[in-house]
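Two complexes follow with subunit A in common, the first pairing it with subunit B and the second with subunit C.
The block that comes next holds the complex of A and B.
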């Protein structure tokens, strides 16, 4: 029987690790230096947060943090598919960043009340740093929503494309009832999902992007299929507990984009086992 | 033989500087949290400023070295902990001068202390944030509207 704490930690750490890896791909490519530093710094923070969580997990799991981050097979990662999707363009990157960081904020705030001391302490540190990610994402959200036609249009399209997989950040975890009944997570992911939708719904309404959230994805419906990009398709089989398109990550069922990412992320670790800086 | 005291260890660690801000001691930055002498062991708890700070391992090594130099026959155990979380409220008065000497402005500090972020070059408080993200996780990029210089600010974390 696996430890329910591990199930929660794998999901949290893998989201941060994979988001951090994707964001790091922007380093050196962003159109101007301040934004290059911003996305690179956020990537650095996310990977550092993954390390904090994997340090805690390491005590439960027995493997060292590097082995947990880089030594697992692709099907052992529990990140949401949203995190592994290609950056695509700046609009999609910022749309995902905004949706993800609000979701992360909702769950971290909830975990401030966790019964799991080490996690609670790590979450307190993470929240102090995530505050800047959220401010960055919100600043871009308002800026792009206020833009003339093309930028606003592309950002709206990107939000719609990212929305389905973003909902799947709230797929139930393995052992979720055990996690909640032990107080490790004080709330079910479904409650966090509602809180997140209410929060982002209000902000989307304010800027006239309410159509992004227009339909609540129900099991096995295709309503959240993105408007333009073919890259946001469901990879897992639709089933009762699958809330939306782009689900499956919490069960280790990833999209076709995961393996290329994994190959690059783990290349050094696999080529030189046990290497140290 | 001189008896080892907590104060002696803290004094020795005052010489350990932040590798990325070489004018600032880890004591002034509030990174040193606790020193305990237990039997024949020195236990030192440090607080990471930012989780993604790449200097953390270097700081740990420098702290170990400084403690060993003080007491060569004593076991030294140095660890980073997350509780309490490090915040910029832990900076002391010396830290402001140390940061300024390196061209970095102080963060907003707790009530009753500096409330404006002043330019480290000309002292003006007519400064604005250009970006919350600078060359390291703990720094921001600011601009002084008086002397028209860009400068780095220590990021407020609280």
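The block that comes next holds the complex of A and C.
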């Protein structure tokens, strides 16, 4: 990519867009309407944030925001694989939501000091809503972690399954040294990664889920991964359907789950080019 | 889950009015979910919640306000006072008298 600002904006916008799309799949299916509205509203926030970022990117890239959101080939998307994984169940959805929104908060706070004025201004607006996403995610985190045996167990498994792909949110960006030396991003993703690990590590410790973070030091065999069938199963020799624990998204290398999502997300745009709301 | 009643102020100067009800596990979730259920379109400047079981209805509401005619205590008990005053003033005038008002 020629402009390092574009590299950063694609990663940020695509994470928000794909997270928003996945969360929107819950609309009408959450066990009670209040939470249905909450998840749907968060989905709308994430998509609105993607739009703000794509508006900025549009000026650099030349394509209009709709074309950037919906008119790219799958390999052009730079979202982390975490975002595209199927919702699986409520436990996995909330585990990912919690891991993602803390990562997003760490990176957005850092970008408050960006030298890129338009981005800095967008981030200030996004943080107003992200604060609420974090409250929502933390509230569920504590509740599910404190639940009786089954809910706590399923939430712990979901956190373990999401942990590897969540760490890949911090894959280095294309042109990262150019991005940081120009002050577009004030910190390297590796520094943000450490900050995020420290933050979530503290919270995991508090609820006795410290093994979630510790398990990442071990080889990936035997960990719990979500599968396309919607079950969470132990991975290993028998479970090879999920090709990786989640790296590659920042290079446009997506999981098997991305294409079905992309086909649905872009169906209207592809069927009716140039259609307007 | 508990039922919480949700109240809003449209602006900070307006009185609290009932916005609706929600179900939530506890107060913290109620505060989170109330805003998504009833304030998604900028309806209000403030959102308040209270557990329904903490609201208590006054018994025998049919006797509230009394059961005898005490309309003189109410504003609508004074309908037509201006016309009455005008009529009396004119009658007094015919008698060569006047009513002085402060």
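FYI, the second predicted complex is superposed on the first by the 246 of 277 C-alpha atoms of A that agree within 3 Å, B and C clash if a C-alpha of one lies under 4 Å from a C-alpha of the other, contacts with A are read in each partner's own complex, and residues count from 1 in each chain.
The rule is short, and it goes like this: contacts are C-beta pairs under 8 Å (C-beta built on N, C-alpha and C of every residue); 3 or more make two chains touch, one makes a residue touch a chain.
Keep in mind that what you see is a predicted model, and the values were worked out from it rather than measured.
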| item | value |
| --- | --- |
| Side-by-side fit of subunit B and subunit C on subunit A, or clash | clash |
| A:126 touches, of subunit B and subunit C: first, second, both or neither? | first |
| Partner chain in contact with A:47 - subunit B first, subunit C second, else both or neither | first |
| Comparison of subunit B and subunit C by subunit A residues contacted | B |
| Contacts of A:143 with subunit B and subunit C, given as first, second, both or neither | second |
| Touched partner set for A:256, first subunit B, second subunit C, both or neither | neither |
| Subunit C-contacting residues of subunit A that also contact subunit B | 34-35, 37-38, 41, 132, 135-136 |
| Subunit A contact footprint on subunit C (complex, rising order) | 1, 22-25, 28-29, 32-33, 35-37, 40 |
| In the complex with subunit B, residue positions of subunit A that touch it | 34-35, 37-38, 40-42, 44-45, 47-49, 51-52, 118, 121-122, 124-126, 128-129, 132, 135-136 |
| Interfacial residue positions of subunit A with respect to subunit C in the complex | 32-35, 37-38, 41, 132, 135-136, 139, 143 |
| For the subunit B and subunit A complex, residues of the former touching the latter | 48, 50-53, 81-83, 85-87, 130-135, 137, 141, 155, 157-158 |
